[in-house]
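Structure incoming, see below.
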Amino acid sequence: MLNSVSQHKTSVSRTENFNSAHRLYVPEWSDEKNDAVFGKCNNPNFHGHNYQLIVTLTGTVDSQTGYVYDMKVLSDLIKEHVIGVFDHKNLNLDTPYFKDLIPTAENIARIIWEILREKIEPELELKIRLYETERNCVEYPA
Amino acid sequence: MLNSVSQHKTSVSRTENFNSAHRLYVPEWSDEKNDAVFGKCNNPNFHGHNYQLIVTLTGTVDSQTGYVYDMKVLSDLIKEHVIGVFDHKNLNLDTPYFKDLIPTAENIARIIWEILREKIEPELELKIRLYETERNCVEYPA
Amino acid sequence: MLNSVSQHKTSVSRTENFNSAHRLYVPEWSDEKNDAVFGKCNNPNFHGHNYQLIVTLTGTVDSQTGYVYDMKVLSDLIKEHVIGVFDHKNLNLDTPYFKDLIPTAENIARIIWEILREKIEPELELKIRLYETERNCVEYPA
Amino acid sequence: MLNSVSQHKTSVSRTENFNSAHRLYVPEWSDEKNDAVFGKCNNPNFHGHNYQLIVTLTGTVDSQTGYVYDMKVLSDLIKEHVIGVFDHKNLNLDTPYFKDLIPTAENIARIIWEILREKIEPELELKIRLYETERNCVEYPA
Amino acid sequence: MLNSVSQHKTSVSRTENFNSAHRLYVPEWSDEKNDAVFGKCNNPNFHGHNYQLIVTLTGTVDSQTGYVYDMKVLSDLIKEHVIGVFDHKNLNLDTPYFKDLIPTAENIARIIWEILREKIEPELELKIRLYETERNCVEYPA
Amino acid sequence: MLNSVSQHKTSVSRTENFNSAHRLYVPEWSDEKNDAVFGKCNNPNFHGHNYQLIVTLTGTVDSQTGYVYDMKVLSDLIKEHVIGVFDHKNLNLDTPYFKDLIPTAENIARIIWEILREKIEPELELKIRLYETERNCVEYPA
């Protein structure tokens, strides 16, 4: 019924979660400027979020397995390299990524992309979506 | 750890809600034709929806703030120019936009895009997603 | 493995949806008082909602069918007697129930309970939950 | 159609959100015991959550307004006395409630109940549901 | 601030998921009667669902840990005794529970209650909620 | 207010659901290899899922109706040609599509695309999203 190979690529997505504390501020700025730009996100004692992470891989479907990528393998990769590093952590203090980089959702998504990009075969396109709250979401690359 | 500037664009999305009444019909058409095309959406006494609006901006991440756009500012813009105009309103009777335009989800999304396009810097790409129900959604531009 | 009959009752719930327009106001009150009490819900041109309705029946599990109540039958009952009457309607103008009763979520839930109570066997306990928005919900009886 | 006053009580619920950092540990315990009991929730640099709060009031429906309680008023009360105190805060360090009380979801729910109990008329029953994550929820009183 | 011990009980809930195949039919009945009662749920080749399971325990909050029950321990218990037995299984053929019991959501919930009741301390009240689909849910005990 | 015709295309999406059993395995492979690749998805007695299907059409908005496509017509098409064939079925045994094709989410999405592509006018772009679980999703074409 499906004799010919599909000519379109397919994407597959896996959702995982992590819960972290963070603070948004630029050390070079005054307290006033940090408050003006980041508001309550600049609380020096930190606040936190349940982050929802959606990792999407785009490629061709293997004609035998019917998979673009094994979702179990993708889940394990995310858990080892992202969740294990970010979950129940203070993003500013407990991870190596946000010493000189402000942990906005935009930057967290980009860091996750860079972490996973090295672990995923280059022929697969990689995209990160990250919900910081139910109402705020980022996507990288757009 | 992230010495070079990212070469990819990032998108950020903000979700807001409004609850409105509307009616779908073409004044030039007969009742029969309106009923045939719009069915129960042509109720002359109106019906209504909880609309879920997702506004997406795509651009570059500011290297200092780590933001594409401040979500607080985007939320305030949407509330002032969209929610304040559409929420708890009759889209046909209480807004200036649907006097000569039928308030389908497609057209509501386009109107919201035109309203916000003027308020958002032109270097940022703007996209509107609008859920009329949990099962019916439109996106503009596609 | 389950030789004895369970001594506890079981509840089953079915979720359905309807989309309606309504207006909240007390005809005997001045416009000022209606505005003070009902705010934007008092828009004379109506507004609307996607109502989510959850109907719960509590009783004993039939030992042969394993059912408290056939969910298909419950869905059909709700569709015939509630959805068919309220969906894509103006609750104030198009239904017989809110001529002298203000269509708040509390009263809509109670009306649905009274409609369904007559259709469901009296040995089954009946409960109505109604979400007017994702954030506002009523339950009758509490 | 509804001549008689309903004899059942009705409950109304309002959902709000706050995002906070916290740490679970008993100061009197050794690090080993805190780790054994609280695991990664004992991170000394804190972690955080998007808390979803559902406040339920149970009472009689006012025959004129059709309300058990004005959801706008309830929302404002929650925002002033709970969200304003907990949102974008470190529950351990920035609030007066968890100096000598461990900020588990159970205890946060109870504190919210005690805060709101004083603000809500005593004839209305009050219940708190608090989701710490999508999968973990507490309810007080049960 | 909270000098006295709370006099109310608290409930805690944990959500887990399993994906299973099943078939609803009564072996003693004719095909016609099974079709009449169970409709498409009587497909002899089975169909399946993503079941969402919510386990609720009600008891007192431990004054030191602030826990009614450690959610990690509850999650592990559910995974070992329920998810490990039901997930990616044919409920009729692969589990010992539905040889002589029809695997309706009502009966699955009761079986899960009986499995967990033995593993949870008797002073804690136990309740099972099971979503078979987003629209169909059972609760045991009611 | 909107004198000119929009130059952008609009997409509309409709969500439907079906519940099916399936098994993932390659008949030519040994049991060991099937287990190694497909794990518990290779259960010979099948398992199942609640599939959530989102069908997206992209095109121009009709200037009179304000529709890209009538969502009622799209819903009916999906129900007749997809839900009617897959719902409460064993995808491997009860449908003609997976005799020689492994019913992974990737392949199910592609089959649904091929089924609907013939029913939808060619000037409309067609895209399929399919959630096998809340955490696993595929999109075709990517």
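Going in written order, the chains are labelled A, B, C, D, E and F, and every chain counts its residues from 1.
Definition applied: a residue touches a chain if its C-beta (ideal position, glycine included) is under 8 Å from a C-beta of that chain, and two chains touch if they have at least 3 such contacts.
Being a predicted model, the structure only gives us computed values, none of them experimental.
Shared contact partners of chain C and chain E, listed by label: D.
The contact pattern of C-E recurs in A-F, the pair among E-F, A-D or A-F where over half of the contact pairs coincide by residue number.
Separating the centre of chain B from that of chain C, both taken as means of CA atoms, is a distance of 29 Å.
In terms of their C-alpha centroids, the spacing between chain D and chain F amounts to 40 Å. For chain D, the set of residues that touch two or more other chains comprises 134.
Shown are all chain pairs that touch, namely A-B, A-D, A-F, B-C, B-F, C-D, C-E, D-E, E-F. Those residues of chain A that touch chain D in the shared complex are 17, 19-22, 40-41, 43, 45-50, 87-90, 93-94, 133-134.
Taken in their complex, chain E has these residues touching chain D: 1-2, 6, 8-16, 56, 58, 61, 64-68, 70-72, 75, 125. Those residues of chain E lying in contact with chain C across their complex are 24, 26, 37-39, 96-97, 99-107, 109-111, 114, 134-142.
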